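Contents: one structure, followed by commentary.
Which chain is which? They are A, B, C, D, E and F, in the order written, and residues in each are numbered from 1.
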Amino acid sequence: MPYVNIKITREGATSAQKAQLIQGVTKMLQDILGKNPQTTVVVIEEVETDNWGIGGESITERRKRERK
Amino acid sequence: MPYVNIKITREGATSAQKAQLIQGVTKMLQDILGKNPQTTVVVIEEVETDNWGIGGESITERRKRERK
Amino acid sequence: MPYVNIKITREGATSAQKAQLIQGVTKMLQDILGKNPQTTVVVIEEVETDNWGIGGESITERRKRERK
Amino acid sequence: MPYVNIKITREGATSAQKAQLIQGVTKMLQDILGKNPQTTVVVIEEVETDNWGIGGESITERRKRERK
Amino acid sequence: MPYVNIKITREGATSAQKAQLIQGVTKMLQDILGKNPQTTVVVIEEVETDNWGIGGESITERRKRERK
Amino acid sequence: MPYVNIKITREGATSAQKAQLIQGVTKMLQDILGKNPQTTVVVIEEVETDNWGIGGESITERRKRERK
């Protein structure tokens, strides 16, 4: 019965990729810890790049620098 | 001063239902644990069905199967 | 299939009170939103009073002031 | 390597304000706890006023009362 | 730069299992979404069985029923 | 009425440091966003180094490497 929360920036993850992630993480918890997949919950949250910071700057700013 | 985070799939919960939930959970924490309702915070997050998985599949896929 | 996270300060909530909370919140989500209780997950987290702040001060400090 | 999650109501915080918040919190964790800013993650989540409750009522309702 | 939070009940997961989980989830996010593993954060939280509810009852109660 | 959750590894943060963090973050939200400090909640969670991963390895392993 694990609960997994995955936060990523909203940069175009597709439904297929998210389905793959849900399936993969659920299976991994079964394989490594023996957790019942039927009650494993995975919630993916997509966050605007303005709202995500690392190293003291937002991803929006970081992406701009990287593009230069 | 409890903090309650309720995550549900985004499938049409109304403002009235959410107000009822906020009121009900706040009262429950007062009744069961004696918590001060004035500082009880309730945050409801609505998550796309593509982004919620249980049993290794997304709710989008599950709803499709159920409809058949 | 909701997921509910309840954070409270660690100040002696009993197993019976926590069981009541789990049962009550699960039922409330069924009554108000029609959610299936079988897949409703409730996780209670108890946080040291040193680690919880409101109004800019920790609950440890607030409890000291209240006792005076 | 701290992880900071800031939840606020969605009431018009600007990109500049959010950038300031990311920078400020990252620096504060470095100053007070000596944490490496390069791996400090800050995630800001903006929540609809219907979905945020305090004192048993939603912020939407509270704002209406305050305006009167 | 994803952030992953895994909550499980505290029922004896070993350091080796947790290390495997951290490695596996980080790799999965790289493989499926192309995320940089260097800034992927994984936080595992272990929750007492009294504090985890599913189907309206705590895991403590569920484990008792299962043992009978 | 913001809610701030700060997760750090459990590596000896003192009560005084945590009080400073609570005060600082609350003031920052008031200064930058005009948020009312009386209803700003800050919750600090300290996580075992075994349970925190970055770059695909746990902090326990990383600290060992660094010490060499």
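Rule of thumb we're sticking to: a residue touches a chain if its C-beta (ideal position, glycine included) is under 8 Å from a C-beta of that chain, and two chains touch if they have at least 3 such contacts.
Here the structure is a predicted model, which means the values were calculated and not measured.
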Output for shared partners of subunit B and subunit F reads C, D
Just grab the chain with the largest centre-to-centre distance to subunit E, centres being mean Cα coordinates. D
Which chain is most remote from subunit C in terms of Cα centres? A
Quick one: subunit C and subunit D, Cα centre-to-centre, how many Å? 21
Roughly how many whole angstrom separate the Cα centroids of subunit A and subunit C? 26
Any chance you could list the residues of subunit B touching two or more other chains? 1, 3, 7, 25, 39, 41, 43, 45, 52, 54
Which of the chains are touching one another, listed as pairs? A-B, A-C, A-D, A-E, B-C, B-D, B-F, C-E, C-F, D-E, D-F, E-F
Once bound in the complex, which stretches of subunit C touch subunit A? 1, 3, 39, 41, 43
Footprint of subunit E on subunit F - complex, ascending: 7, 45, 47, 50-58, 60-61
The subunit B residues in contact with subunit D across the complex are 15, 18-19, 22-23, 25-27, 37-46
Per the touch rule, the subunit C residues reaching subunit B in their complex are 1-9, 13, 17, 20-21, 24-25, 28-29, 32-33, 35, 39, 52, 54, 59
